[in-house]
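Input: structures, listed below.
Both of the next two complexes hold subunit A, though its partner changes from subunit B to subunit C.
Then we have the complex of A and B:
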């Protein structure tokens, strides 16, 4: 043992003691870190790229590099105000992003809230009441949803078209029509998940409330719903993201730029014009990802709890 | 314990029911105004049903909770699906949209052609004192007429003022001029003045009209059209078209029930069967590969990271879940850009020029790659075997991944519709909505039913395996 090493041992014994096993652990686990790093690159590379492209001054796809040469907010401005054309007027087609975003939030928000409400009502009935046709009803729900609403989109279009001839506010090119159509899926797999969770709430709680004179409606609002908060949050999140993602029905029902939702608007914005629109598009993706990400962050603690209890426990 | 007292609850219930009834009455008034009697009946029955369910005390209790969701389920899922099933047994498609009587009227109009050496007229669109639209006409000899939807009627020449060969005024009528003409396009294009023998005068623009005569005559007894020049009979072929003995067909056709013909086309017509089989096989390959690779990778990652005491474990997990929080449609559109063969980052990074989205095989690799990217990471949270079948069923119908990434393309040489990466659901969607060669709703609906049976079978297997049905106990 050399002198210098001994000196080191003497001067920082505590640090060396802690570091030594950690270093050994790292030596054993290097391949784990390698796998994790490869996975991280694969997982985060598109995210990093969008982040960089959004702030990159050179907004064409070919000109973009991973580290922006000069950081600007031009892409965001293009998104909301539109690009100036030669005469100095904003070009129209670029300036609809704010509407798309607002429309998506309205539609997804309303659909998520109402889906939770409708689904919870049904789940409560399936969980707490014993009635004829209960089993059949739940199986029918599953069976119906195996026929994707997407494939019935022609019929949906015709229904909205005909209803809209008389009641314009729920006709084609309205957000309310879109929400109504999405609510057709409110009772489905959600109901099964919620029913599973409701089953885990001891029925003694309702019974004691009933003894105290509460009506079934009061038990639902006052006892079951507050206790089911985790699963309600999860269903709201799933429904919100699914609605946000929905492309086909939205593209059939909505007709004009200012009524589009984000998927329809961005899809059409980027279609065939990747090289020109890449920068503003990346900025748009970045903003569009924020609400769902925030919801995930806030509801994280509920997600695992709600999913596992609803799905696994009977 | 209770959220609100019985009285408040009752008040809310009454308020809610009142709103529902008020809406019902208002909607009924509007519907009556439009003479939609069947809709009024359905609405009245539904509203009465709702009132009964929420006012009766005991036995409707479960219904009170089930009805709200069920209404939407019926209106926007069950009814559309039922309609789709109905369409599967019809020939509903481009060229077979109308009803039979509309098609007959359409064929009659289409068969009108200008009579050789027929009369030509100078015309002026006008309105009578009652505001009814009509034509003032003047033939080559200078004779003048009024033409209405009911026929042609001569008027004295002195009633009509002509200058430079154009009719400028007519006594008792208001000749339309300038901007008034602009808004007339649609009315004028469908306006004809019937003459005897199925002939008619049709305006050709704003200032001339010609005599048209039909080339086909509908014979109600034979239920077919007779071509006047050669007497060929076009008969109803029971599949929505009038067809001559030599196979010649009149357009348009009409929508009619054709039994299981759409299904037998899928089974027997090589034009449909071959692409269908290709797409079907690719759907199975796609769904199984995505599930298999995702689970293999997910498992690998889980095993790798689940070592107790591994440093940065929490950081890795937190970072790996980030893509999961990005809505899939955004990721798909971004990947479409990253894989672009000219400008795409992937090619520039590896200094390759792989046509990721435009070569059939590379496009297949790309959709699997991107789907794995989308699927694997969430599995870190819940990597459980029973989910595999559910995940398969999900990917079997993963329309978004295919459509937003490649649009099903690139095209396969031998099929006008099916592309290399099309899965059944996107192929069906394209047949119904996006096919360049016309849309076939009947065939698409038949395919939808087939997809339903495949997915239902997969799910049934999944359920018996995972015993989720125990939930029902």
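Then we have the complex of A and C:
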């Protein structure tokens, strides 16, 4: 079984269907519920804090209780229209949350889309064509992936700086440059994952389509991609969320408030410079989580098993 | 409609394996050719070269009057049915069948008509909206057929399309495919390793072994006049009885001596095979088909025919006939040709054969009339129809005929 299949499987909760009287079932399975409950509490704990902080008026973490003493939307207002009351701290003259949010959506959306597209193209070639340098190419991709992208921050900065002198649209402080850097970073592992998945799609299907009169491009779009939907959805999701969270590279490439993505922008609220504004920070994070959740809800239905069932016998 | 020609086609795979050696074949327009041979003999390779899925290392393949060596599959105007069907799982049956037509930008109305036509021909009309995974094996097989016929290509290529079906369905689909091919008169190359399928379906049958063409002929000719020991033992079920025999001259005629028994070779047979006389005093491989043997006790006027006597080992009553395995003395032919051709025998039986060769005992299978009452351990006299005896050179394995 390929790695990517495993990804798909892990993502799909197995529906355990066993016909047993309800009571006995619980007596045998209570420990599963317990494990699930513990996992749930563990996962929801930070969410509870964020929720609490976002709606809390007190603006600091330490002094506040988990249940806000008075619920307020001030933190959200701060994000969009600036801070209302200045209590001795520095204030934001302009609220940039809307543009950070838009930037993040553009960068994460474009990165997810292009990652899937480019990764799928590369993976298709590696999976189906036999060409000189195929093995070497695969190994190189793997090798490059061994080094965290963080190692390359300095190099990335210099490259973007210099490239920007010639091509302004991918220079420093542009979203397109950031997208390009992200694309390069995730290429390797995604190509491997997708190639693994493509390898499980019987090559007779391609051949059959070619005999039916399809060009390689038509085979790719019409036969292979629809069958690879689960792995495409998983990779789109992973890549979207990862991009949404990425801080270091974004903070190096982007320089002005108007270009910041959410992590870079929101960081300023809890940066020492402005002291700790946990309230607006939590509120911003909360809003940022919405698109990711929506994307997951949308892509979930593509993450299913057995798409190639019935293609071939045996 | 077109003929297909292989001219000295070689195929060497990237790993250095040569799968096809200098293959020359001609398939007439509208003909049903079956490529048959044991596993790994290069049948699929040959077929895929016609389809354009495998590069041709040397030689040419032409369809109609076009050499297709360098054409993509798309431009060859062929359709292929794969061994495992290769249906598009994300498309409905109707869309599967229409796939090729849509790629060719056929008007929607024509597509619908043709899909309906193919579905009717194959009895698929009720299933057009289903997905492949909701079909039985036989239905999937028919969808694969439908996808091929709907485009009305110049050539059908089929790679063991029935091998995944159960025995009964296989027989049924065999007839079905034959019917459709006759109806459409489309040139067809059909690959199988099942010699029964080959014999029942093909206008012509090409027998391959280890990448080389052994013989291409009509099924009847292949059966009655195999060119070598491999074809002789491969074609026919149960396969031909092969035993070493010494040719001797006697009273101006020839006899074949098997150990302590002998068969007179009729003058017609000897004159059809002039070279046989040259083997006088030497050993040859003598071939007798099971139906040339009959239980002498149930033949009324067979008193002075040629006979062979042996001990019955086991019998298989098939209702219409009785297969008797009869052991007699004589050295079975166990050259590589025969062992490879005898694909029906299991390994244990092959070991047994070698063992028996050492002991100079051979087992004949006789196809007796169901009336025969022979039982295991009986001594039976078998009447031999010597008019159809086959002779092969033991060294070269080729049939002994003219000069």
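One rule holds in what follows: the second predicted complex is superposed on the first by the 239 of 314 C-alpha atoms of A that agree within 3 Å, B and C clash if a C-alpha of one lies under 4 Å from a C-alpha of the other, contacts with A are read in each partner's own complex, and residues count from 1 in each chain.
Methods note: a contact is a pair of C-beta atoms (placed from the backbone, for glycine too) under 8 Å apart; a residue touches a chain by one contact, two chains touch by 3 or more.
Quick caveat: nothing in here was measured; it's all calculated off a predicted structure.
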| said: Taking the superposition on A as described, I'd like to know which of subunit B and subunit C A:125 touches: first, second, both or neither. | reply: first
| Who does A:263 touch here: subunit B (first), subunit C (second), both, or neither? | first
| field | Which superposed partner A:215 touches (first subunit B, second subunit C, both, neither) | value | both
| Looking at the overlay, what does A:101 touch: subunit B (first), subunit C (second), both, or neither? | neither
| said: By the touch definition at the top of the document, which applies to A:49: first (subunit B), second (subunit C), both, or neither? | reply: first
| query | When the two structures are overlaid on chain A, which partner does A:167 contact: first (subunit B), second (subunit C), both, or neither? | reply | first
| said: Just to be sure I read the superposition right, which of the two partners does A:296 touch: subunit B = first, subunit C = second, or both, or neither? | reply: first
| query | For A:142, is the partner it touches subunit B (first), subunit C (second), both, or none of the two (neither)? | reply | first
| Broader residue contact with subunit A after superposition on the shared chain, subunit B or subunit C | B
| request: Using the superposition on chain A described above, determine whether A:204 touches subunit B (first), subunit C (second), both, or neither. | output: second
| query | Looking at subunit A, which of its residues have contacts with both subunit B and subunit C? | reply | 208-209, 212-215, 218, 223, 307-308, 314
| subunit A touches which residues of subunit C in the complex? | 14, 51-53, 72-74, 78-80, 82, 84-90, 99-100, 103-104, 131-135, 137, 140, 147, 151, 164
| subunit C partner contacts - residues on subunit A that touch it in the complex | 130, 202, 204-205, 207-215, 218, 223, 226-227, 306-314
| Which residues of subunit A touch subunit B in the complex? | 22, 25-26, 29, 31-33, 35-36, 39-40, 42-44, 46-47, 49-50, 60-62, 64, 117-119, 121-122, 124-125, 129, 131, 134-135, 137-139, 141-156, 158-159, 166-167, 180-188, 191-192, 195-196, 199, 208-209, 212-223, 241, 244-245, 247-248, 252, 262-263, 266-267, 270, 274-275, 278, 281-282, 285, 288-289, 292-293, 296-297, 303-304, 307-308, 314
| message | Give the list of subunit B residues in touch with subunit A in this complex. | response | 1-4, 6, 9, 13, 27, 30-31, 34, 36, 61-66, 68-70, 72-73, 75-81, 83-84, 87, 297, 300-301, 304-305, 307, 309-312, 316, 319-320, 322-331, 333-338, 340, 342-345, 373, 377, 381-382, 397, 399-400, 403-404, 425, 428-429, 432-433, 441, 444-445, 448, 451-452, 455-456, 459, 470-473
